[in-house]
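Consider the two complexes below, in which chain A is the common component and chain B and chain C are the respective partners.
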Partner chain A sequence: MAEAEESPGDPGTASPRPLMRDLKAVGKKFMHVLYPRKSNTLLRDWDLWGPLILCVTLALMLQRDSVDSEKDGGPQFAEVFVIVWFGAVTITLNSKLLGGNISFFQSLCVLGYCILPLTVAMLICRLVLLADPGPVNFMVRLFVVIVMFAWSIVASTAFLADSQPPNRRALAVYPVFLFYFVISWMILTFTPQ
Partner chain B sequence: MHPAGLAAAAAAGTPRLPSKRRIPVSQPGMADPHQLFDDTSSTQSRGYGAQRAPGGLGYPAASATPQAAFLADPVSNMAMAYGSSLAAQGKELVDKNIDRFIPVTKLKYYFAVDTMYVGRKLGLLFFPYLHQDWEVQYQQDTPVAPRFDVNAPDLYIPAMAFITYVLVAGLALGTQDRFSPDLLGLQASSALAWLTLEVVAILLSLYLVTVNTDLTTIDLVAFLGYKYVGMIGGVLMGLLFGKIGYYLVLGWCCVAIFVFMIRTLRLKILAEAAAEGVPVRGARNQLRMYLLLGATGLISCLQAPGVHPVWPQATPPSHVASPAPNPRC
Partner chain C sequence: MAAVDDLQFEEFGNAATSLAANPDATTVNIEDPGETPKHQPGPPRGSGREEDDELLGNDDSDKTELLAGQKKSSPFWTFEYYQTFFDVDTYQVFDRIKGSLLPIPGKNFVRLYIRSNPDLYGMCPFWICATLVFAIAISGNLSNFLIHLGEKTYHYVPEFRKVSIAATIIYAYAWLVPLALWGFLMWRNSKVMNIVSYSFLEIVCVYGYSLFIYIPTAILWIIPQKAVRWILVMIALGISGSVLSMTFWPAVREDNRRVALATIVTIVLLHMLLSVGCLAYFFDAPEMDHLPTTTATLNQTVAAAKSS
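Moving on to the complex of A and B:
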């Protein structure tokens, strides 16, 4: 990862990286996503731990209680993983082919971290679903998911938009919109059996 | 980094530790084995070192940290240089090999688009009737980038249209309670299979009729991928306005893509025939025209069975059936 030269350890020996420092770095990036402003932290010191944690959490929460997986039509754990990572790779490839100056892993890092608002939406939806189902329930969940979807897009655009010239920005943002739309759709249509 | 450079770095490094002699470095007056010359002027070199240290070589408090001594060590300098050259070689190798399988530079041409081009092209795909000039502009024997000419093919719209179509089809199935995520994969792979089949069929027919065109495979994929835009339109209208909207828009898009492809491909396929210009070739020209009409007609009609699993179903099936060839245009 990108922080090797900051450690003031002995030059010849490789000092073991403390876990707390990595966790703090991940936490700092979470804060940057929750309060998006133009900064380079996500891009400069990219890491993929945060996206992994978020993806696993989301995939676990999207599991259903029933064993019978033929009829309920919910996503399996592997399907969520594939959708998230394949979608992120496709967006990165598109951005690079359009001529953006962002590297492959930096883009993956940004897209993964910006799933955080949707994971929060998943948590809230699960809590709301503990109440009795009905149209009010659905409207509340719809509202929460829409707000978090907009937040994800604003957060990722704040980081990715600078890598493209202004006449191509919309073209690079469109697949990001599709990606978070798919994830929001999976969250919204989740009903535990 | 040749040895003279290394020696200079070593020589510059050593006088920068005048006070803290934790690491035994060669004295300024001593002959460094890597040095090509004797550094006899000790005061001069120390002054030079003091001048260079704040010069921003990346060693801000160089005399204090042991890192500078670590990096000033000539062996590790050489190791770093060797490592970076090895990395550069490896990157070159990977780039060369990837370029053999996926022509990245050629692909970049097809993605040299901007928002205005995409908007105008989408307008052309839905309404090609008023556009007059279908010729692609050339610039010194190479076609101009799609950004500058709305007639040039691109791969951004087909790729995005394909992905959007798969997702919108999943959405439509979801509103009919027939959705599951593996259906997304099924839709994607079946749409891709149809596309491959069409590209192979057109390439084969072009080969059999021995047409010499500059129509590359990627161009063909781009032109055939434009039909997904119409399919998306059909499914979206079906979601909003029901069966009537779906059939209306699908019919409109069939005709529109038919006209679009005829007008575009006519210039590419018949251009050679026009250049030959011999009357005997008249029959050949006619054959090519019929071939073109037949192929594009078939392809534009194939939009409908591609969308067939999505809309509309009278009885909810247990699983989605494969598309039956049932031309509706």
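Moving on to the complex of A and C:
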């Protein structure tokens, strides 16, 4: 991914980029998502490692861990993966076609990183599901998912809304809302065997 | 021949004086919207040119915009070509949605809302259909869950296959039916001189917005009462059917009476088929599923009574 990094690095050195620096960059972006402020760091130094990690984690946790898949109703790994990436690409295309001044990969980067709250929600839901099922269980999960969903929306609109002219902001934000809503729904309806 | 050459020379001269750019390119660009109007094969309407001028004038109309003239005539493989389709503001989308929800006789939806900016392509077909797909899938799941709530034997599965099936059905309907309708109208147009003729994108647009009413309908279909569901079907069909009929009536009015009526009836029938089909496939019927459970519990109590 060396050629994909556009952040100021060592100009023209032959040594490979140290792994720690990339990890630190990813971690810094995670913090930016968790505490969304209007900063440009996420936009400037875009990378797709973070979204990839998040998407793979989410898809692994969401897929049916079932060898016996006759009652297989949930999404497979590939389906989750496709939904996330296809959804992100579609939203980016929509935002660009509406005249936004954000580049393609920057937008993908932002959308991917803002899945972080929902991945955390998935982790919490899996832990909660280890307890006995019941309405209380469901209420807790519902509450967690709603909070994380709101967090994702706030984080992503903090970055994306500025790139649109004000009379089209709602048109660009609504697909983001739909995207995270669908992912939240998949998380909420996850039932282990 | 000499006369033609003179005419061409004069055009050349006008182009050079008024546009002051590469003459050959500009003459080609000027002729392009007339000869190959986007998605409008058939006789180019005279109003098409006025729409082009109107759109060019709506921008920050300097001479530079008019000089460039590229806005409407980018080749279709560039990004800017598709960007012209998304040239719409939030309030315009809301206006069009409202217009689809409240059909008023005499006000043609297309003429009123879309004709002023016919290049609407982004919001209505794609995002309304996407929302509808997920609304139907999620509501279907929810309603099945609620219906089978008390049963011990029912294991809830989020039926993910249904999302892809729903997506295929809805997108096929939203694109193939307008295609067929447009083809049919074009064919009739060649036989009978109609006053009103719609482009393919406008028909897609009308269909997209008419599907909007099904989003709240799908959400309300969660209520597991058969009577409520059928009433909702009727209401939604009434509203969107009337919007579609009023839109397409002027297009077929001039035609043979029977053909016109058949067209309108077919449109409404296809719409009804879509809604009834979605209801039947995605939403379990509430009463039918309670019967096996009551017999099951009855057997259980009988068996328990026998064993005790």
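Rule of thumb we're sticking to: the second predicted complex is superposed on the first by the 179 of 193 C-alpha atoms of A that agree within 3 Å, B and C clash if a C-alpha of one lies under 4 Å from a C-alpha of the other, contacts with A are read in each partner's own complex, and residues count from 1 in each chain.
To be clear about the criterion, contacts are C-beta pairs under 8 Å (C-beta built on N, C-alpha and C of every residue); 3 or more make two chains touch, one makes a residue touch a chain.
A quick note: this is a predicted structure, and the numbers were derived from the prediction, not measured.
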Mind checking the superposed model to see whether chain B and chain C fit together on chain A or clash? clash
A:178 contacts which: chain B (first), chain C (second), both, neither? both
Using the superposition on chain A described above, determine whether A:129 touches chain B (first), chain C (second), both, or neither. neither
With the two complexes superposed on chain A, say which partner A:191 touches: chain B (first), chain C (second), both, or neither. second
Looking at A:89, would you say it contacts chain B, chain C, both, or neither? Reply first, second, both or neither. neither
Name the stretch of chain C, from among 62-70, 206-214 or 296-304, that runs into chain B once the two structures are superposed. 206-214
Once the complexes are superposed, what residues of chain A are shared between the chain B interface and the chain C interface? 73-75, 79, 94, 97-99, 167-171, 174-175, 178, 181-182, 185-186, 189
List the residues on chain A that touch chain B in their complex, please. 8, 10-12, 73-76, 79, 83, 90, 94, 97-99, 167-171, 174-175, 178, 181-182, 185-186, 189
In the complex, chain B touches chain A at residues 65-67, 69-70, 107-108, 111-116, 118, 156, 159-160, 163-164, 167, 171, 174, 179-182, 184
Chain A - residues contacting chain C, complex: 71-75, 79, 94, 96-99, 167-171, 174-175, 178, 181-182, 185-186, 189-191
Partner chain A, residues of chain C touching it in the complex: 79, 82-83, 85-91, 93, 122-123, 126-127, 130-131, 134, 138, 141, 155-161
